[in-house]
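Please go over the structures that come below.
Next come two complexes, and both contain chain A; in the first it sits with chain B, in the second with chain C.
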Partner chain A sequence: MPQLDILSLFQGIATMVHGVPMITIGRIILITLGIAFVYLGVKGTLEPLIMIPMGIGMAAVNAGVLYLSATTMGTIFIDPMVSEPAKLLDILQIDFLQPIYTFTFSNGLIACLVFMGIGVITDVGYVMMAPFSSMIIAIFAELGTIVTFPIAVWMGLTYKEAASIAVVGGADGPMVLFTSLILAKDIFVPITIVAYLYLSLTYGGYPYLIRLMVPKRLRGIKMNLKNIPKITPGEKITFSIITCTILCLLFPVAAPLFMSFFLGVVIKESNVKPFIEFLEKTVLYGSTFFLGLLLGVLCEANTILNPKVLILLVLGSLSLLISGIGGIIGGYVMYFLTKGKFNPVVGIAGVSCIPTTAKVAQKEIQKANMQAIVLPYAMGANVSGVITSAILAGIFVTMLR
Partner chain B sequence: MNASASMGPVQTAIVVYIICIVIALCVAGVIKLLVGYIKLQQRRTAAKAAAETGSHH
Partner chain C sequence: MRKILERKMYWITGATVGLAGVAMVRLMAPTFGGTAKTVIAASGYVLALAGILIAALSTRDRAMMMQAQWREASDASRQNDARLGNENNAP
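And now, the complex of A and B:
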């Protein structure tokens, strides 16, 4: 009877036992973290749309490591490092998520699809009713990106890597994915994961920042909703086409993202119902699902255990924190410019995590004054935040590429 | 060409921010002009229609 090696039957365990201790510990930590993400996603503490598929992917990919040959270990989920065409063709036939990764993720298509979906749920009319105040707030809310960039360089990152992690301050997931794919492909996996992890935490963290920076008396300021001009769909379409064309002319590198966002907006305003339904439900939710799943399976210990991860974790949180502070400072600037008629809490919505930060602003304001409604202004700042984040990403990519 | 090759990180950040501010404010200006122009057209059309109704009477 042949000798039976129990470990060879269960290769996931065998690779843990025989693997490099650091990687084994990393795998165990990542499996635990994956399970924690699913739990926190289901509970609603973290964004469930991203965290549930991401957590399951993370746990599964780190558990499912096997011997691909006598000497090499790996998974049959995905190989993000393969670039040689012949090897890629082989991998495409073996790793089940490789086709989605190669044809939608590594070329930025998934970011564009998410942006089309965001466009179709975005009302640009909110920016059009108060363009300057929305844009001023959004400019302040980009402080995190600007301040983090030199700090990241001082901490040892290259300019391209520094720009990629600094863009987290714009709080725009697809934008971070897009920028890091172009500028820092080697560390785009940890950067994107850090970004999405922190983005789902903004909902929990920003209310405390608001309460810390804005006294209750100012949080309860009612804003004038009577003089809001009515913007027709035709005006919104005209605005979208003109803005899209200007931004594409200025930053051709970010043109796919601009086009995707404004395409969504124009479809929404044209009221082409089958397209709206398709983009809003199938495309947005479909791409968010695969984005979460791919981010999870990319968190394989061998890929993610990069010495730069700790630096990225610190910089990502710093960037979002400074952007939040900047946004509220922008809100205060508007408060003083309007002689006390503008609620400074709206500033937090300049951080373009659409529509999360706008909802956070409205929720915090209503806790101070049930009658105060600021959502139209907050959404205006939110949409402007998307535009300024895209502009910043476009400038960084154009200058540093 | 890497435009930031000769600049330090702080200078690069400042240049990037200034360009962003200029473009963002230009976009806001375009929106303001556009909305203003559309409103003006609407007022003119309304005034013209009112004048025509008045002349018929």
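And now, the complex of A and C:
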């Protein structure tokens, strides 16, 4: 019987043993991290819609490294670094996720699809019923983006990289993906992963920030819901068209994102049921699934082990933390402007993680006062947050591209 | 005609202000240089945002009207309660 070579039998282990020690350690850590993401996603600690496919992808891609030739190692999942047309055409026929990456990721289509889905579940009427407070809060909630940019430059990132990581403060996953793909393609993988990871954590972290910054007495403030006007679909459509046109004229680079978002909004308001169902279910869930899976698969040790990752991890968390603080400061500004009638906790919803932060605000307020309902105002700030973070991303892309 | 214009005032003003902001950023600012360019562009961005805000205020009149109606109704019910209370307390 010939001698059994275990390393030849399990090529994934052979490539791990024969690889550079640093990469081997990275692969083991990433496999463990992937399993942890799946566990935390299933448990509900992290966002399961993103974390489950991402975790599985991460574990599989780092375990599934094989010998592509006598000297080269790689995977047959995806090759994000290929740009030469002839080589790309070959890879498209070999790597099974390459078509999705090339035709939806690198051109920003997946971000637009997610935005169409978000648009169709968003009610702009909430912005129109309280535009002033919504906008004020949303502007304050961009504090993280504004403050992180110079800090990132100071920490050694280029202007483009700094802008890409600063946009994490807007708490808008597709926006981060879109900006980093345009401005910092070399490090868009770690930036987007940091963004999605932290966005999943905001649900767990922001309640503590609220309790730290807003005393229980203020958290329980009841807001007046009696004078909320009923906004007709026609008004919402008109508002969407005006806003979309102005934003597209202002930031043509981000026009695909604006169009996608407001298209979703207009379809929702025009009540075209087959389209609503298609965008809400198939497009939103389909693109979220592939977004998670591809992000996980892109977490191959060779791609992600970049010396800048640690800096990105620090800056991403800093950006979201400062945005949360800024949002609550915006809530306090409204509290003082309305002479105590506005609940400052609504400010956290200015961080535009639709609808997570609005839900966090409502949940925390109800813990202090069961009868206090602020969800319409929180959703208004939430939707305004999407608009302001798109504006900031547009400014960065226009100025630095 | 005048009534229609009055009703649509916020929409028209909002769109006009927003487009003026766009014109400042896209048409005016590039013709200047240095600080003037930055100032004009920044003002344009603010103006465009203000345009969106003004358009969103189109429902403001209705909100005010609803608030006034609600205030009137609550005043009336309070007066009614007070009157009924006086009648009940009458000898």
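Here is the rule we use: the second predicted complex is superposed on the first by the 396 of 401 C-alpha atoms of A that agree within 3 Å, B and C clash if a C-alpha of one lies under 4 Å from a C-alpha of the other, contacts with A are read in each partner's own complex, and residues count from 1 in each chain.
Definition applied: contacts are C-beta pairs under 8 Å (C-beta built on N, C-alpha and C of every residue); 3 or more make two chains touch, one makes a residue touch a chain.
Values in this document were obtained by computation on a predicted structure and should not be read as measured data.
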Contacts of A:299 with chain B and chain C, given as first, second, both or neither: neither
Partner chain(s) touched by A:226 [first = chain B, second = chain C, both, neither]: second
First, second, both or neither for A:38, with chain B first and chain C second: neither
Which of chain B and chain C A:249 touches, first, second, both or neither: second
Partner chain in contact with A:365 - chain B first, chain C second, else both or neither: neither
First (chain B), second (chain C), both or neither touched by A:392: first
Partner chain(s) touched by A:127 [first = chain B, second = chain C, both, neither]: both
Greater chain A contact set [chain C / chain B]: B
Residues of chain A at both interfaces, chain B in one complex, chain C in the other: 127-128, 131-132, 135, 229, 231, 235, 238-239, 242-243, 246-247, 250, 387, 391, 395
For the chain A and chain C complex, residues of the former touching the latter: 127-129, 131-132, 135, 226-229, 231, 235, 238-239, 242-243, 246-247, 249-250, 387, 391, 395
Interfacial residue positions of chain C with respect to chain A in the complex: 11, 14-15, 18-19, 21-22, 25-26, 44-45, 48-49, 51-53, 55-59, 62-63, 66-67, 70
Chain B contact footprint on chain A (complex, rising order): 127-128, 131-132, 134-135, 138-139, 142, 146-147, 149-150, 153-154, 159, 162, 229, 231-232, 235, 238-239, 242-243, 246-247, 250, 384, 387-388, 391-392, 395-396, 398-401
Complex contact set, residues of chain B against chain A: 2-4, 8-10, 12-17, 19-21, 23-32, 34-35, 38-39
